[in-house]
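Shared chain: chain A. Partners: chain B in the first complex, chain C in the second.
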Partner chain A sequence: MTERGAEAVPPMKSLRRWLHADLRVVAPFVALGALVLLGALVSDRFLTVDNLVNVATRSAFIAIIAVGATFVIAGGGLDLSVGSMAALIAGVMIFVMNGLGAPAPANAFFATLSTLFGSSPMGILAAGILLALLLGALCGLANGVVTTFGRIEPFIVTLGTMGIYRGLIIWLAAGGTITMRSVELRELYRPVYFGSIAGVPVPILIFLAIAAAGALLLYRTPFGRHVVALGSSEDVARYSGVPIARVRVLTYVIQGVCVALAILVYVPRLGSATPTTGLLWELQAITAVVIGGTMLKGGTGRVWGTIAGAVILELVANIMVLSDLVSEYLVGAVQGAIIIVAMLVQRGLHRRQ
Partner chain B sequence: MKKLALSAIAAAGVAFALGAAQAQQKNVTIGVSIPAATHGWTGGVVYHAEEAAKRLEKTYPGLKVIVKTSPSGAAQANALEDLSAQKIDALVVLPFNSDELTNPVLDVKRRGTFITVVDRGLKDPTIQDIYVAGNNPEFGRVAGKYFADYLKQGNVVVLRGIPTVIDEERVTSFEKALQGSGVKILDKQYANWTAMTPSASCRTSCPSTRRSMRSGPRMTTWRWACLRRSVRRSAPTSSSCWAVPA
Partner chain C sequence: MAPILSAHRISRSFGPVEVLSDISFGLEPGEVHAVIGENGAGKSTLMRILSGHLQPSKGALEFRGEPVRFSGPVEAERRGIVLVHQEILLAEDLTVSENLFLGRELRRFGLTDKQAMRESTRAALARLGARIPPDAQVRGLSIAERQFVQIARALLVPHQVVIFDEPTAVLTPIEAEALFTTIRRLKADGIAVLYISHRLAEVKAIAERVTVLRDGQLVATRDASSLEPVEMARLMVGRDLSKLYPDKPAAGSRDMVLSVTGASVPGFVHNASFELHRGEILGFGGLVGAGRTELLEGLVGLRSFRGEVILEGREVRFRNAGEALASGVAYLTEDRKGKGLLLQQDLRVNLTLAALERFTRGPLIDAAAEDRALDGALRNFDIRARRRNMLAGQLSGGNQQKLLLAKMMLVEPRIIIIDEPTRGVDIGTREQIYQFIARLAAQGRSIIVISSEMPELIGLCDRVLVMRNGRITGEVPGEDLSEDAIVFLATGVHEDKAAAIAAGVA
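Right, the complex of A and B next:
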């Protein structure tokens, strides 16, 4: 969105450039608008404030994760482990908060945390949030370090960690559920998903803030430029003095932190982690990124497009539920078809340029 | 149990429709949120809920029943929001699991909706206006007594269902009924009430079972005894399953 140069060019050429550059940037928003129109046509309940707010609120999880995925993909990487990572972070976060809420600390770890954060609900919540963010960064760091220094394809590395993170949460939950036990804590944490400020639900505010921060980082800082340079051509970036290893690892760390942020919004909603938490989120996050106009082979990153992509995915599901055109059991199939169509459109627009 | 779910929807429906229809021709909407058909029993619930919805809508003009099925707890939370957006007056909910759905149902409740909870239950029973369920502690007790009487001596593996209030009730009273008998529980695992997980999880992921399977001639032949919600043996698609060394 902010990639248009302001340098002086002949009027005709500038207009043509504007049209071309804009088509690809604007495409996801055009699709979003078209979907809203379609929704309004097929169901009279679609254009109610309640419904639209629901859809936007619900897309928060995928939108936040997909902002991180934009960095990884723009830098020429891929992270398949985000869904499992989300489940693991949710599980550990709840597990720790339950442990801190217990009358007596179970072991030295909880005892230390207890003295650090106190045993008030607020302190316990703060400990849980900090730990979630830390774990997210660590999970991302593991992906990044193995990919970068092990020189293994990110597809393979994150496929492996996807299994590892998922296995850990199933083990931690003993095949069952990890649930927030304290009712007091649930009530305290609840507004983060269910609350609203000035009529706008908190999750929407959070994902807009994260997207704004992501856009700032990607478009306006040297680091963002390095990510895009790395994704365009690793060799050129290396010869240009871009610290390749550090930039690549950092994109995965950003992804991990984004997953943790999504979980901070997710936990107050369902209050528990199960072996099926975050299942197929990686597919949705990557789809959102690709719909948003980021090239899967790296070299471009469009944060706002990604947000549009995440909302599009939820809108499609919502329209299918509200209308009787197509069975809602086919939501997954339609979302899968969308990623392929988005790629075809992207390819077409690319060729025209 | 099918009758139970059916009658829950009917009860909530009738309570509302009668009150409304008799006062005046008022429009009432009831939302019904149930798990998708992941096994035979839920298949029955879905079928009968849809049939009951049709019948009630025919009987009470002005009544609208929206039935939504969801394949997971998170999906059901979405479905509850969608139902709320359609301005439902009453909700009949069979929660996918107790832990995850407690907050979302509480959210619907706080909008002033009349809540009927069926079968699986919520963590916080104060949310529901009506709770319809079978006598789950008794299911567990009868099953435990059957094993104690039938086996006298032996090892048992419990393949429980989805972590829910009723699963806990059944397993707790099953264990209690076995106390003092010669039947020992080797392990308990969640099999999630699906047709696939019971055998897979018992054969592969339960080391103590495998050990005992190999340990002696008495333990080599196994029979899978699966219990429906009563003691009758039936297809392994129904509720909790127990593997019994024969």
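Right, the complex of A and C next:
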């Protein structure tokens, strides 16, 4: 073989290897592209900048939550409580901001917060944001600590906390709705969902930033490596000196913080929380993670795939609304079917490897 | 006499690797035919082909003079070929009799007939010389008792050919003798017995003919009466055995690096004490289940542990493997696939997992440094990987062991505990691993080797501690190392006495 021939072969070979080895990584993006094509075919209103930006914006909540779920699932865990947790955080955040906005503090708790953050709308908003993040971290911590130290299946623990968090928000709202009262505060907070920077809506910027941070944490830090090791085999991680308890608890804390971040984007949209806020979000988040190529048994995590998964879910809903093929009331059924199909595809690709 | 089961030029490949090539041999009714060979010689593969678990890639089997092709173990069993597995495959939560009849329950009016199954179980176990209550839960049985339950289960189906895969690995000599009595009875009934073992004295005692495998090839089939254990070993290894092990240096230093006093691991180890010196290779011998693994796992914080541990003059207490590694004590598990390596991850991730903090730049992993470490490990440990990005699970057993060694050496331990260093490792790689262990000791590191391979303990170690039933029963110093000395401490009985005692018991 000549020199030139020898040089010509490797790129082909490496291309083929790349296609073979990373089919599972590419699959969600291929599916995303196929859906965009499908959408363009069934409706001429689909392929417009406005519509696509709208879809991406609406997928922000699930995308942000699903980035956290990627950590939990990659580490071999599961969190079913994210939807209830979202409702609880939204409710508490609005409740606290309303309390701080009241003419006179209702109790010592609000009085202390008031002296810390002042009573300007900016101070109240800062207090609400910090409290939401803190509460998210605490809810995640509770899931993580009970799962890890109680040695209980995460399915059971988070099924329990799912009920607890949901019950707490229903109690806090007395079965009704908690709405942001201060108009001033609403105006101040509004741009976080409705604003845009350089033409890109803020929620999209936020979820891209969170995904980038998540990818960096999962792929490039020792902690991320430990998460994957733990999800691959808890025994191997333990025998290799990985601090498995700390790593596991932290994945749930990250999940909790991600839920809080999603809520920070969600609250300015509607300005209220109800007992049905976040209903079935856990299903959507887990579906996004699985569509994205992360395996439910742990050991792999694909942050960008998860983002693609979240957008796919929203695209499907959007196409259903725009077209007359299937009633939009069946969105839940279609999304449920997608997770099953995604698992089947994953299994098929795994076999081929 | 015509063979009942014979193999004609069978070969078996897994992917490109041929693990068995061109094997022909026959098994006659009423004979005990031993198959011996090193780890990885192809014994298990041959046995799995004969019992229908695997198909040969080439060649054919003949049963009673007719060509057969088993679609699976069920079909082989239907023809009377049964296999007694080496691993214990029993449902722990079921009782002895439920296990014996699992999948073939006796029925009466459509319901299971517990009484009849209980009676048959009692009778079947009595024939083996084992007294185990039929209603006992398997979870509560010792490993030897479980082995007998497993044998009784295999012999429950009508059988013409019985294949035993290293049945005595977990038995004391007295229990082994009880098993031999059973085998002799099978032989007297005209049953053909295929007996796989690497305990050569035992093979000499029980077998009529011996077939030796080496590297997937049949080296010889001889009458046992004309073959001494030393000759068997030479045939198995293919060269002088003494070359396998590195030279032992003159007595090492007496600097104590580790002293353990009154160590207990609840349920496994009671009051164990020992010392380890600088540059020494200390062996731990004993039967499977004697508590060796548990003692050392407890020491490095992988199990609950009580007792005083003095490391280099300081009292220490490791709460987890991370603390032990940080103090320079590394434990390499015997269970490479389950606890040693992430089979679904690539070589790089596996290599640096235990020492990840050495591969960071700021808060991030330094991938370039990891790649350099992988280059070094592939070179220094002679890890044969087809591709750098292959998964650890795709490596052969020997290369996995080398990867595990490389992984743990990255933390630069001063004390290295290696549990079954050559389990499932081919002969060529074994020699490399022994050389490597000797080199570590020569560097002044201290090594503990846990092994169930007696030649390995004798060939490699400066001295050997022996455990039985969770206690250290004694120490065999280097100059006195012999199989009998270890067996005596491991079982409380000398090899030659066991037969007499078993005869008295039976």
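We adopt the following convention: the second predicted complex is superposed on the first by the 336 of 353 C-alpha atoms of A that agree within 3 Å, B and C clash if a C-alpha of one lies under 4 Å from a C-alpha of the other, contacts with A are read in each partner's own complex, and residues count from 1 in each chain.
By definition in this document, a contact is a pair of C-beta atoms (placed from the backbone, for glycine too) under 8 Å apart; a residue touches a chain by one contact, two chains touch by 3 or more.
Everything quoted here is computed from the prediction, not taken from an experiment.
**Student:** Once the structures are superposed on A, label A:Tyr239 by its partner contacts, choosing first (chain B), second (chain C), both or neither.
**Tutor:** second
**Student:** Looking at chain A, which partner touches more of its residues: chain C or chain B?
**Tutor:** Looking at chain B versus chain C, the one contacting more residues of chain A is B.
**Student:** If you stack the two complexes on chain A, which partner ends up touching A:Arg24: first (chain B), second (chain C), both, or neither?
**Tutor:** Neither partner.
**Student:** Applying the touch criterion given at the start, work out whether A:Thr221 contacts chain B, chain C, both or neither, answering first, second, both or neither.
**Tutor:** second
**Student:** Looking at the overlay, what does A:Arg166 touch: chain B (first), chain C (second), both, or neither?
**Tutor:** neither
**Student:** One more residue to check, A:Phe194. First (chain B), second (chain C), both or neither?
**Tutor:** First partner only.
**Student:** By the touch definition at the top of the document, which applies to A:Arg248: first (chain B), second (chain C), both, or neither?
**Tutor:** So A:Arg248 meets neither chain B nor chain C here.
**Student:** Looking at A:Arg302, would you say it contacts chain B, chain C, both, or neither? Reply first, second, both or neither.
**Tutor:** neither
**Student:** On chain A, what residues does chain B touch that chain C touches as well?
**Tutor:** In chain A, no position sits in both the chain B and chain C interfaces.
**Student:** What part of chain A is in contact with chain B in the complex they form?
**Tutor:** That would be residues 45, 48, 50-51, 54, 57-58, 174-177, 179, 183, 186, 190, 194, 268-272, 274, 276-277, 279, 317-318, 321-322, 329 of chain A.
**Student:** How about chain A: which of its residues touch chain C in the complex?
**Tutor:** Those residues of chain A that touch chain C are 21, 216, 220-222, 225-226, 228-229, 232-233, 235-243, 299.
**Student:** Enumerate the contact residues on chain C facing chain A in the complex.
**Tutor:** Of all residues in chain C, those touching chain A are 302, 320-326, 331, 333, 335, 338-345, 349, 353-354, 356-357, 360, 363-365, 389, 407, 411.
**Student:** Residue numbers of chain B touching chain A in their complex, please.
**Tutor:** Against chain A, the touching part of chain B is residues 36, 68, 72-74, 77-79, 81-82, 84-86, 97, 99-104, 107, 123-124, 163, 189-190, 201.
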